[in-house]
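A, B, C and D label the chains in the order they appear, each numbered from 1.
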């Protein structure tokens, strides 16, 4: 039993490390398709983790949740994004971040910071639970950081999705998932959100002819 | 039954508009659906009052209605009803001017009903997860309405609104999960761990550290929705670029849901922590927003932007009131919220009229409204008077009570409030002075505009400023005792 | 009742004696200037002459122009009821009601001046306006000082009734008060200012650069001028009486006995004569100030008044 | 309860006067004017009746208005002698305006200004002022107070198309709101300690000294701002002149007195224990206001602006009285405190009467000449003799000259001053003489100012053609002015009765009044003791008349021919005096301007100065302009404006339109919160 748990722990640890790692890669990824692929990979890791949980806990709803993750995040959303990029004809765009080293350093700091925040909370029984929550929180914040440092609108979907992945991961690991209805609702919202993103891409494309969000700065106060 | 009806009418509306939304009579139908929803919500209110405990549960405990949420439900349905009346004429004018086409109109009505539905779900949901989903849903429903006109500015505004809000709300989900986690950890079964009713029963034994962590995320998340500084940046953009009825809904209703969620969580977490930390956080953010908006209002040229800053300011003050806690302050917060919604939606509707008539949002160009369009000008002027806190409108009463409530606990904050109120008055009147009283231009548009809903909203604000009926007062009292633990009437 | 009768007598004395006082001052000045003086009764003759002359009124004049001389005259006559000339504060058991007190005195003087200024503006000539404007500047600086002088005295005597104040100083034991010196000096300066004397104004000049009082009454003639001149003389006498009776109250009657009244009368004549001499000498020995130096002069008076009141408050003598 | 019913009827009339004109078709504008003003007059009459009855019956009544309860607090009203007195004051002026209004607004039907809006706000203004006086709890008070500010704002904005008016309105609204908030703060402190919103529980509160100080300062700020004390007066000379004259009369005559009422109510009835330092503060600010008010007034040549500055002066005098009252009460001389308070109240009434008279007179002048600028008027006494007469009475009264009413109150104030040496405190003994000197200076300067006003406006030759064609106002307007002038006289020569009635106010507030045996002489005012001071205004008045008549009769037979010859004035041989040779208002005030030159920021603009001296100067080529600026505006208010503008600019820089920056704000706020809170 002890060994079994420890294997489970090892796998989970590995998955969480990989999820964190994929977020890091995303921060400095240069091509759009590459970024989408990395996101799909991260979602796939999430799917694996969910599946593992489901197997361990024998929970039917967890299987369901795993399927949702697979369908939505590993298949549909990357596919949709591919579709958008293709339709918008922006796959050639280079999206090089300005100071990749600084960004990575900041991201690293962020993880340390999350650790610092989570560690004093006494509720988490095991050290591993703590670590996983740290990873989840880091992934959420890294998603946000991704949006802050990158200028391409497509990356915003990825940033948002990475945040969602982090949220799912934390829900999965700390509370064995959310109630079914909530899970469904959240998934539905996500789908709608991605579709809306798509609509916005086309609108932005037609109105400013670029996907650079920094060009969307006409509504400002300092000029008046 | 009546509860189901209340949720059923917007659903029916959505389906109806998907099928027939592109006809001209859709506006009329929109009014009908909103009115039916309003009637149903009133019926629900009566039901709840008549029920023994003052609260009702529906659908296997997934939905829950008490005095607090009921106030906001009726407010929501009422304002969506009055704004629906306004939208009809406004949208038809838009259609006639070829700013939008019939498909966009259809989309507008679908999303209007969807928005109403999500709002109602926010208030009725007993499940913090559903609450989150509905808040997100409300954002999604309105995001594309903001850019209905498809101008570059409106698209930019909608984009910012969309991104900032969904990111914010994603953070709120983490907070929600933390609460859920702490609840599950004290072995509440999985179906109950997200229910308000159950959470409240176990409030005392939840983990405080985790709750505090949760609240920070909730504050940032839902605070974005409220428009607290520094999460507010979407708000002026979205308000200024969206169609007028949309602005009215955003300012009058959408901002409330974030606050509602936050207050609900405060009610849960406060007794657990035993300190006033959450209240102080809310107060701090409220005050910062209040002052920030006060200073910003001065240098505005866009009339809708200016009033959207006024929304930030008032929401800040309401947040402050709830943060202050105690019966009086909580009562004020609730009352203030209601009146602010009424008045602010009226103002945005009148702004819609003004902008349609003068074809400009720039206060340098709109001049002498009282002479060129007396009725439109006076409704806007009265609304402005109400919003800056002059009697006999309800906001005055709220502000007076708020000052008193603040004085009892934090004297040093009162000067800040005074400065802020003065700044907002000065800013708004400084900018609007020429708009109302200046030299009007000669060409007067003969466009038909709708004044009835504005007058209706303002008269209710006026009525509450003069007198609060006994029944309503009892009701507010009940809600206050839910929020603050103690009613205001002894 | 008798006391009120005495007040009427006093008022009559003011009316009768004031031209004489003016004549006396003129005589002294002439003597000092080595000129042959006119008769000491010349002032009476002037008045009679003016009263008999036909009046010439400018076309633009309104009723204010014609009403002002009567008003000014009645104001000073009324004041002569208030100012104790030969009798002060008869200590009887019943309370003594005065028509008014020092504040009323200042107020009534201001009333007269107000109308005089208006009549200066009435015709719409430059001289009139000039005189009025200057008069207002001088008086608005002199009036507060006047009030303050009286306040000092009133505080010392704890009454504002002139008669009571004079009676208080006359009957109480003499105490040398520093505040008195300041007050006396200030009152003398104010007298110069208020009665239009050198160094602030010159009653004999008609030079436009220096005129104040004369500029205002330039358009007056006949009985109007007569009334105004007479009022000015009474006003001068009132100030003299105030100075002499408040600061040198010796000998003033405090009862209605004939002999004390007679002594009082004699003494006041002497005091007035001395005052006249002092005034004449002052006028002889100083030059007229430039108009915009006048505020300095008046602010000195004001400072003196404040000193007076402070020295009383600080030193608390009496 | 009867008195209360009369008040309610009065308020009802006022509400009707606001609403009824809306139901009258636009073409019957005369009817709507008559309806409005007659109802207003009835309302005023009812207010006077109830107020007067309350005053003489010394009654105190309470009324709870449960149907009008604002939220959970029952609105309640009270009617005691203090309220009664101020109701009287409101009523008297309202009656005068009711007579004045219909013909004053003759020119308004065809203008673009909405008369109905003006009527509406006038009616509500009256109601709100009365309610302030009647209010017995925090909510009613604040409610009516703010309503008063709001309605008067709209009245100020009556001529809204002028940029000047709009600026004035804005400044007014802002400062009125600030004053309201300060008052709210002050009342809030009382509520905090009194545990109740009504005045009775506030009275019962025991405030620690520091709180009491705070409450006092705030109340003083609030009420002082509304009443126009320096340096909070800047709204007043802007707002009052731009309103129609009858509104200016209401605002300057009545509204700022309502602030005085508030101050009296707050300090003498609610706050409890007074402190003598407060008295010093009030006295100091009051004196400064009085002197600066009159000095600023002297420099104005817009008639209504000048009058507005005089309101600052008179409010200063009123507050001097109140400051003395506080001093005396704290130092253990409540009777003298009562005297000072009576002086202040008396001056309030006086100021209401003569200031309304003057404003209405200014309105009459404006109606027939369309001028506000003194330098363009002249010679109006020939053209509008009755108005000129009444205006003269107003000028004499406001200059505090006997035997009119302004003098009585100033006399009473001086009497109070002269009792100060009784107080054994060196600070007091130092400050008070200076204050007395300032009051004396104020009186003298006021006389100078009104000599200027009257002399330049009514006397001399007309300076413009429009003024030359002026004609007398309508009979109702003259009647209204005459009524107020009569009041000026009556209050001046029969002060004893009024003092006896006012005496009930300190009796009810402080339980002390003037000694009853000093009130019994109807001919003499002897506030303390006949030996200390006495003044018989009636005798002075009669005396002046008798001597005038006697001298006139006596001098008459001396004349060879009594008729006088009318000739043109001597022009020194330069060939014709003309209107341009007259002294102007600016020239008249010039000596005083030089004397006090540091008080103002004076800007003189002369053109053609370097024209060769020997050349004949073409008449219209050289110009002279003079701008006199209020230093307080320059040195206090403009810096505030700049600072707010700067902060506002800084705040705007936060919002530069870049969404990534916005996200970063949220992000770092979140991190910061996590760091700080956890």
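As a working rule, a residue touches a chain if its C-beta (ideal position, glycine included) is under 8 Å from a C-beta of that chain, and two chains touch if they have at least 3 such contacts.
As the structure is a computational prediction, the values presented were derived from the model and not from experiment.
Participant: After chain D is dropped from the contact network, which chains belong to the same connected group?
Facilitator: Result with chain D masked: A, B | C.
Participant: Quick one: which chains contact chain A and chain B both?
Facilitator: D
Participant: Ranked by contacting C-beta pairs, which pair of chains comes out on top?
Facilitator: More C-beta pairs are in contact between C-D than between any other chains.
Participant: Could you give the separation in Å between the centres of chain A and chain D, each centre being the mean of its C-alpha atoms?
Facilitator: 69
Participant: Round to the nearest whole Å and give the separation of the Cα centres of chain C and chain D.
Facilitator: 35
Participant: State, to the nearest whole Å, the distance from the C-alpha centre of chain A to the C-alpha centre of chain C.
Facilitator: Centre separation, chain A to chain C: 100 Å.
Participant: With chain centres defined as C-alpha means, what is the inter-centre distance between chain B and chain D in Å?
Facilitator: 44
Participant: Could you list the positions in chain B whose residues touch two or more of the other chains?
Facilitator: 159-160, 163, 167, 171, 209, 213, 236, 296, 299
Participant: Find every residue in chain D that makes contact with two or more other chains and list them.
Facilitator: Those would be 652, 654-655, 659, 663, 666, 670, 674, 678.
Participant: Mark out which residues of chain C touch at least two other chains, giving numbers and ranges.
Facilitator: Residues: none.
Participant: Sort out which chains touch which and give me every pair.
Facilitator: A-B, A-D, B-D, C-D
Participant: Touching chain C in the complex: which residues of chain D?
Facilitator: Those in contact with chain C are residues 378-379, 381-382, 388, 392, 396, 399-402, 407, 410-411, 414-415, 417-418, 421, 426, 429-430, 433-434, 436-437, 440-441, 443-445, 447-448, 450-452, 454-456, 458-461, 521, 523-524, 526, 529-536, 539-540, 543-548, 551-552, 555, 558-561, 564-570, 577, 579, 581-583, 587-592, 594-595.
Participant: If you look only at chain D, which of its residues touch chain A in the complex?
Facilitator: 652-660, 663-664, 666-667, 670-671, 674-675, 678
Participant: What residues of chain D sit close enough to touch chain B in their complex?
Facilitator: Listed in rising order, the residues of chain D that touch chain B are 67-72, 112, 114, 138-139, 142-144, 146-147, 149-150, 157, 160-161, 165-167, 169-170, 173-174, 177-178, 181-182, 184-185, 188-189, 191-192, 644-645, 647-649, 651-652, 654-655, 659, 662-663, 665-666, 669-670, 673-674, 677-678.
Participant: Applying the document's contact rule, which stretches of chain C touch chain D when the two form their complex?
Facilitator: Against chain D, chain C makes touches at 51-52, 54-64, 67, 70-71, 73-75, 77-78, 81, 95-101, 103-104, 107-108, 110-111, 113-114, 117-118, 120-126, 128-130, 132-134, 136-137, 139-144, 147-148, 151, 154-155, 158-161, 164, 219, 222-223, 227, 291-292, 295, 302, 305-306, 309-310, 313.
Participant: Where on chain B does chain D make contact in their complex?
Facilitator: That would be residues 159-160, 163-164, 167-168, 171, 209, 212-213, 216-217, 219-220, 224, 230-231, 233-234, 236, 277, 281, 292, 295-296, 298-299, 335, 368, 370-371, 374, 385, 388-392, 396-397, 400-401, 403-404, 407-408, 414-415, 418, 421-423, 425-426, 429-430, 433-434, 436-439, 465-468, 473, 477, 488-489 of chain B.
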